[in-house]
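What follows is a pair of complexes built around chain A, which joins chain B in one and chain C in the other.
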Partner chain A sequence: MLRLKSLIPLTIKRRISNGNPIEGFELTCGLEIHTQLNTTNKLFSRSVNNPFESISSPNVNTSYFDIALPGTQPILNYEAVLFALKLALSLNSTVNLSSQFDRKHYFYGDQPQGYQITQHYHPFSKGGYLRLSKEFDEIKELSKEIRITQLQIEQDTARSLYHQSSQQNSGEETLIDLNRSNVPLIELVTEPDFHDILQVKAFIKKYQNLVRQLKISTGDLEAGSIRIDVNVSVNEHPRVELKNLPNTSSIINAIKYEYERQVNVLKNNEQDSSTVVETRGWDGSKTTVLRSKESTMDYRYMADPELPPIALSSDVLSEVAKTLSKDADDCIRELMSNPYNLSKKDARIMTIQNDFNELYNNEELRVYYIDTFNAYKGSTEDNEISDPKIVVSWILHELLGNLKKLQIPLNQLSQNILSPKKLASFLNIVHGGVISNSNAKQLLFHILEEYKLGSCKEPKDIDFMILIKKYDLEVTKNIDYNTLEADCREIIETLNNPKMIESIKSGKKKNSIKYLVGLGMRKYQGKIQAQELETMFKKILNVK
Partner chain B sequence: MPLLNQIKPFLKGSIIRCKIQLPSRYFYSSQVTVGQKFKSLEEIKQFMESPSWSLKEFLTEPDSSDNLPSPATVKKLLRLSGFSVENANIKKIQQILGKQLLLLQSLQEAPLDDETVDTMFARIMPRVPKPLDYKALLSKIKEQKDNKYEDELSGSWNSTGNTEKSKNGYFVVTKKTTPTQT
Partner chain C sequence: MSLKSIITKIPTVQKEFNIFTSYIENSTECPADSSPASGKIGAIKDNIATKDFPTTCASDILKTYSSPFDATVVSLLKGSGAVIIGKTNLDEFGMGSLGLHTTFGPVRNPLNKDWCVGGSSSGSAAAVSCGIADFALGTDTGGSVRLPSAYSAIYGFKPSYGRISRWGVIAFAQSLDTVGIFANNIDTISGIFRILDQHDPRDPTSLSVETRESIKDQSVKFKDRSKLKIGIPKEFVQSDLAPEIKESFMLYIETLLEKDYEIYPISLPSIKDSLSVYYTLAPAEAASNLSRYDGIRYGKRNSTKPDIVNANFFTESRSYFGQEVKNRIILGNYNLCSDGYKNNFIKAQQLRVQMINQFDKIFRFKNILTNNKPDHDIDILLCPTNLSPPPPINSITHAPKSNPLHEYMNDIFTIPMSLAGLPAISVPFSKGKPYGIQITTQYGNDEALLKFVKETVL
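And now, the complex of A and B:
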C-alpha cells in the first residue's frame, strides 16, 4: 500500500512536467486576472478594506451595505478609481472618461445582494499592452507584447468556508465571511496572445511587480489578492476556461495538463460537435469539468441605476501619469550602465519588488541609491569612485536589513536622520579607514536603533566622527606588527584546531581564514582593519 | 412626473398614459404633454403636492388569488428582509406584493422599438455628472476617508446578530441534501 501511494505522485509529476510543445499543436492562452486593490476603504462603502488581517474576526469589517441590508445604497470609493487609473496608464490602456457600473445577477451565498456590481457595458479602460523581453523576463523571443483587452472595476465576493455539518440530517454548510465582500477588484482581460508557458509565467511575474510598484495591491497569488483564470485552446479545440488556480505552479501545471489533454482529444479525433466551450477546475493533478457552455448562466446585466457614471476630465490622465514610476526594464538597463555598473541581480533588486512592504518601494530605494552614489562620487577628490560596489553593498545589505529589523520606513529615515548626503559622508569615513567595517556596521545599527527608540519623530543631525570618538571605535593607526603577530599566533594556539589550520594551509578550506579574522576582530574590539589581520594570518600560515 | 422620466428609457417607444392636471380640469393624453409655464413658486408647490396620475389607472387588480404570492413566499421574504413574521398582516402584504408584481410585469411587457437603448442613461442618478478633475478626485478621496457612518466602523455592530443561524461570527448557508427515494 505504501509502495502504491508513493508511486502516484511520481506518475502525476511525470505527466505534468512533460508539457513541452508538440509539433503541429499550437497552444493559445488568454488570462483573466482579478486584483484586489489595497484601498483604505471598500469599493461602495467606507468599511475598512482589510480582508486578510481580519481573517480571524469574520464579519467585523461589514457595513449595512456590505451585508446587503434592504434600503442601503452604494457610494463609490474614488480611491479605487485613482488606483485603476494608475494601472490603466501603466499598461498603456485607453481610459474611458465616462465608464459606468452594471449589475451582474446570480444567486449564491457569497453575494447577498443577488448581483455583483461590475463594469460590463462601458468598462474603465480598453486596449493596452505589457511588453516582455528575453533579457529581463526569460522568454524565448527577443520581445513579446501581450495585448490587454480591457480593465474593469468590480466588487469582490464574500469568503466561503465549506464543510459538512455536524448535525444529523443536515447537508453541507457554508460559513460566510463578508469582510471580503465589496473589496475593490480590477479585472484585467488579455487577448489570447500567449503561445508558450514561459510567456504566461513571465507575464504573471511582471504584472505582480507592477501592482506592487504602483502600491495598489499586495500582488500575492497565494493569499488570493490576485486570482487568475486561464483560457486555453490548442489548434481548433474549443476554448477551455481553467479556474481554481491558487498559485503560479498550479497555473503552469494546469496549462501543461490541459495542453496535453486537448492534444490527445485532437489526435484521437475525439472532438466532435458535442465538444463545447467549458470551464474546468484544477484539483492539483488534473483538470475536471465544472460546467459547459450549455449551463452558462444568463447574468441579466443591467446598468446600476444607483450609481452615476465615473466622469473624469482629461487632466486627470496627465496628472496621474506624472506620478507614475519609470518602466522597470528601462530602470534596470540604466543601473547596469555607467556610472553605476551594477550587476543585473542588484539592479533588479532596486527595481523589481518580489513582495509588498510598507517600508519602501523600489522607486524610493532606487532614488536613495542614486542620490547617495552621486553624493559619494562628488565627495571624492577626483570625482571618481575607486570601489563602485561600496554604495550598493552598504545600502542593500546593511541599511535595508536594519530597516526591516527595526521597521523604519526608508523615506522617513532619509528625511530625518540619514539623507543620501549623510550616508555618503559615512561611507567616506569607512572607506578612508577611520573605522573598521565591522565597527561601522555596529555603529550604523546603533544609530538607527536609538532613532527608533525615540519613536522616529525627531530629525537628528548625526556627526559620525564625534560618535566614533565617543565610543572609541577609531582604528588603531600605528599598528605594532610584532604585537599583532604575537596576538595572531596566540589565537591559533588557543583555538587548538590543527585540522582547520591544515585545511587552510592546504587550500581545501580557504574561507576558514575568515573565522580566524573574526576571532582577531573580537580580540581587538574591531579597532583594526580586518585586512591587516588576514594578511598577518596568511603570513603566519604561509598561505598566499 | 419625475418617476416617469426615470422609467422612460425603459419604456422607450411605448405609449404612456398619464394625466396632467391643469388649473380648471383633468384630461387624458396618449402622450406626455408639456403644460403651461409656471408663474410662481406657489404654483409649482401646488402642482407638486396635487396627485396628477395614479398607477391604479393602468394596473388592474390581480384577477384571482392564484396570481398572488403565496403566504409561504411572503413569510420567506419577510425573514430575508429582517422583518418579524409574527403579527404581520400576511393577506395585506400578499395584495401589495401582487400589485408590485403587476407593475413589474407591465414594465417587462412594455414594447421597445428596434433602437438600441443606451444603458448609460438607464439610471436614477444624474446621467451626465460634471467630470472630475485631478484636484477634485484627490479631495473626494480625502473627504471619503474622513467621513464614516457608524455602521462602517469595524466591530461597531454585530452583523450576525439578527440572523437565524450563525457560527463563530460567520453567517451560515446550508445546502440541504434531499434523501434519494427508492
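And now, the complex of A and C:
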C-alpha cells in the first residue's frame, strides 16, 4: 500500500475574510520594516555581504568578528551609513548628527554575540514621512501622509534552518548559517497612521520602489531582504504585533483576519483584564499567539562601550542630498505634463524600478527618453513637435523590445551606436515620410542586429539616409495615382473575398481594411506610406 | 640567560608558583636565534589571544580554546624579536583582585609562597617577580596590573586608554580594559611600551594617528618646566592604610622634597564614588561581553543536555563559568535591567564623567579627549597602590564566607585612574616589599610619566 504522509493537512480551506471595514470599528496599523542593505561588506566586518547568493554554501562569509570569537571588535562600515543617509533624507527624516550604537541582549542560536548591535537610545534619524496619493498609489483618500517614527541601523541575525534531528529522542535541531549574520539592516518604524488596508499596500509598494531607486536594497519581500511586522489595533483593543509575514499578500490577509478577530472580541466583550499586548504569527490562514506581554523579554539595552558615535556634519548631509534622484511622484508628474505629456503608464515605466534589469534601469531610460525628446524637438523647424507620441512609442515599444530580444544594454547602445541625437534624427526621417513606418522598424532592428553580431563593440556612425538608399527603402515620392488605383483594384480582385469586402463596405468590420493595406505594402515593398494605400482603398470601396 | 636555560627552568618555577596556564615545553620549539636581546623574554596573560598557545582566560568554558589569530600586541612583540615563553594564570576573565578565582588554581607570590600575588594579572606579575621573564603583559580594568605588581614588588604600568591595541584582548569591560606591562625595571617598561604604542585600525577604541600627534606636542611641552609639580589627593589619605605602606610612601615624598619638587594637597571629591561607579559599569559590560559563550561555535559545551531547556538558553554550557564570574554576570544583568539602567547605569556613567572633569581641572595640561580647560597646575599625582600587604592565600580560601566587598576594597586606589583612562604606574619604591606607589598623570602623557619615574626612583 502506498502512503502519503504529510505533517501539514494538504487542503486547508478557510474563508479569508474580505477585510471590509465594519461600521464603528476603526482599524489602526503601524509598520516595522527591516531592510537589508546591499552594501559590499557586512556592517561591522569586512566579510562579503551576499546572504542570498551564498545560500548553498553556509558559513562561508564569516570573519572572526561575525562568529564572535573572543578578542574581536566591530569596525563600522561607512557604506551602510551612506545608504541609511540616502533613505533618511528621501523620507524627510531628521538625521541625528551623533547617533549611537546600543546592544540588545537576548540568547538565541542565530545571534553569536548574545546581543544585537542596534540603535535604541540615539537612533540614526527621527521623524519624516512618506506621502501616498490617490493619483499614484491607488488609495481612497486624495492624499495621505504616513509619518515615520525613526530609522536605526542594526545587525541582521544568522539564518536558522529547523529540522527534526536524525538522532532519535534528541528533539529538534536547528542549523545555523552565519552568512546573514552582521549584514546591515535598517529598521524603519512608522507611526500608527494606517487606517485602511489599501494604505498599507500602497506604502509597502512605494517603499520598495524607493529603496530600489536609491539602489540601497534589492527590496524583495519574498527573499527576505525586506521583512515587515505589523501592529494592529481595532478601536480600544490592545495592540497586537503580527510577525512571520513573508510577502505582501500574507501581510494583507493577516491584517484582514486580525481586524475581524479583534472586532469579534470587541463585539462579544471577550476582552477581559488578561487581554494584553501580544505577538501573533500568521500561518497562512489565521493569526496565532506567539507570546504575550507577560513573557516579554527585558533586552537590557546598553550603550555599546567600544563603538564611537556616528558623527556626521551637515555638509555631508547636503552633499548626499545632492546625489539623490528626484522624488518618484514628482518625476511621474513632470513626464505627464508639458512638453512630454506622457500617459501615466509610460511615465511610470520611466520612473519606477520594478525589478533589477541588467539592460537598463528606469533612470537611464528616463534620461535617454528626455535627451531624445529634446534633440528631436530641437531638430524640427519651429522647435515644436507635431507628434509628441512618436518619441515615447519608438523608445518604449520598438527600441526596448529590440534591446531585450538582442540583449543589448541601453547605455552601451547610447554610447556606441544610437545616441539620443542619432535616434532623434532617425525619427525625423520617419516623421518626414522618407521611409514608411514598417520599413523603419525593420531597418532599426537590422542595424541593432548588425551591431550585436559585431559583439556590440564597434562604435559606429550611422547615416540613416545612406542605409535607406542602400537598401532601397525610400518611399516613392511621386505616386502615380492611376497606377495606384489599378494596383489596389487588382489586389481586391486577386483576393476574391466578396464577404470581406462587403463587411468593410457595410462598416461591420472596418478594420479589415488594414488587411488590404498590408497586402498593398507587400506589393510596394513598404516603399509607400500606408496612409496612401488606405485612402485609395477607401476611395475604391466608397467608405469613409 | 639563554633561552634554553630559561625553558629548562620553567617546570620548576611552575611547580612552585603556578604561574602559567601553558608554556614552551621543550627547547626544540625555540626559535633558531636562541638568545634574544636582553629584556625580550616575555609572558602573556592568558586573556590575550595567541596562535601558539591555548587562550583560556583561566576559565573552564574556554579551557580547550585555541585562537586562530594573534592579538595585535602579540604580533608586535614577535615582530620586535621578543620571545614568548608562555601564557599566564589569571583571575577568570580578569575578574578578581587576588589571583584566586581561576580554574588552574591560585598563583603563589614569589616574595612569599603563602601570600596572594594579587590579580587579576596574577601569573604575569609572578613571572616577572620570580625572574623567569623580563617582561609580561597583563590587562588592567580596575587595577589588575598595578595591584599585583605592588604585591610582588615590581613595576606595573597601565598606559592611557586607547594607546595599546585591544584587538585580540578578550573583553571584560572594554570601556576600561587596558593592556599593561610588568617588568622589574623602568627601562624595560619603556622599551616594551614603545613597541606596543601604535594605532590599530582593527580596534575601534585605538587612539587615532591625529590624536597621537597632538599627544606628542604635549609631551614636548612637558619639558618646559624643570621641576614638575606634584599633587596628593586628600581623598586617598586612608586611615586604614597599613603603617609600613604609609612609611614607604612618606619616604618617597621626602626624596622628592630633597630633589626640590613642590608638593601640593589637592582634592578630587568624586573619588569616593569610584567603587560604586566601577561595580555598576564593569559588571554590566562583562555580562554583555560574556553573552557570547554559549558553547555553539567554540568553547566547552554540555553535550549530554540540549542547549534550550524550558525556553532557557545555554544554561548548561554557561554553568561552566566560575562562581565569581557568575556573580558579576548576575550583578551586571541586574544593572542593565530596564528599571536598573536609568537609576544605576546612566547615573554611574554621569558620575564617571564628573570624575573625569575633576581630574581635568587639577592638571596643568588639558585632556585632549575631553578638551576640558584645566584650572590648576599639577603635573603628577601620587598615592599608594595598595591599602595593605597581600593577604595569605589560606586566609581567603579557607574563610567560611568571605564577603566579596573585602576583595573589591583592594582596588580602591587604582579604580579612579581606570575610570578616567589615565596613565598610571605602580612603582616598588621599597625594594622587595609587597607594596607600591602609584604615580599618575594627565591623559596621554605616558612618556612624561615614565621619564618622571626614571628620574625619581632608583
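As a working rule, the second predicted complex is superposed on the first by the 379 of 544 C-alpha atoms of A that agree within 3 Å, B and C clash if a C-alpha of one lies under 4 Å from a C-alpha of the other, contacts with A are read in each partner's own complex, and residues count from 1 in each chain.
Note that a contact is a pair of C-beta atoms (placed from the backbone, for glycine too) under 8 Å apart; a residue touches a chain by one contact, two chains touch by 3 or more.
Since the structure is predicted, the reported quantities are computational estimates derived from the model, not experimental observations.
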{"item": "Joint occupancy of chain A by chain B and chain C, clash or fit", "value": "clash"}
{"item": "First, second, both or neither for A:135, with chain B first and chain C second", "value": "neither"}
{"item": "Touched partner set for A:176, first chain B, second chain C, both or neither", "value": "both"}
{"item": "Which of chain B and chain C A:78 touches, first, second, both or neither", "value": "first"}
{"item": "Partner chain(s) touched by A:103 [first = chain B, second = chain C, both, neither]", "value": "second"}
{"item": "First, second, both or neither for A:122, with chain B first and chain C second", "value": "first"}
{"item": "Chain B versus chain C as contact partner of A:69, first or second or both or neither", "value": "both"}
{"item": "Partner chain in contact with A:47 - chain B first, chain C second, else both or neither", "value": "first"}
{"item": "Chain B versus chain C as contact partner of A:306, first or second or both or neither", "value": "both"}
{"item": "Touched partner set for A:114, first chain B, second chain C, both or neither", "value": "second"}
{"item": "Of chain C and chain B, partner touching more chain A residues", "value": "B"}
{"item": "Single chain C stretch clashing with chain B - from 76-84, 130-138 or 346-354", "value": "346-354"}
{"item": "Shared contact residues on chain A - chain B and chain C", "value": "64, 67, 69-70, 75, 109, 170-171, 176, 302-303, 305-308"}
{"item": "Contact set on chain A toward chain C in their complex", "value": "64, 67-76, 103, 105, 107-109, 112-115, 170-171, 176, 298-303, 305-308"}
{"item": "Chain C residues touching chain A - in the complex, by the definition given at the top", "value": "48-49, 55, 57, 62, 65, 67-69, 71, 166-171, 173-175, 201-205, 284-285, 287-288, 290-294, 296-298, 306-307, 313-314, 333, 336-338, 341, 345, 349"}
{"item": "Chain B residues within the chain A interface of the complex", "value": "81-82, 119-120, 122-134, 137-138, 140-141, 144-145, 147-149, 151-152, 154-155, 159-160, 167-177"}
{"item": "Chain A to chain B touching residues, read off their complex", "value": "40-41, 45-48, 54, 57-64, 67, 69-70, 75, 77-79, 81-82, 97-98, 100, 102, 109, 121-122, 161, 165, 170-178, 302-309, 311-313, 315-316, 319-320"}
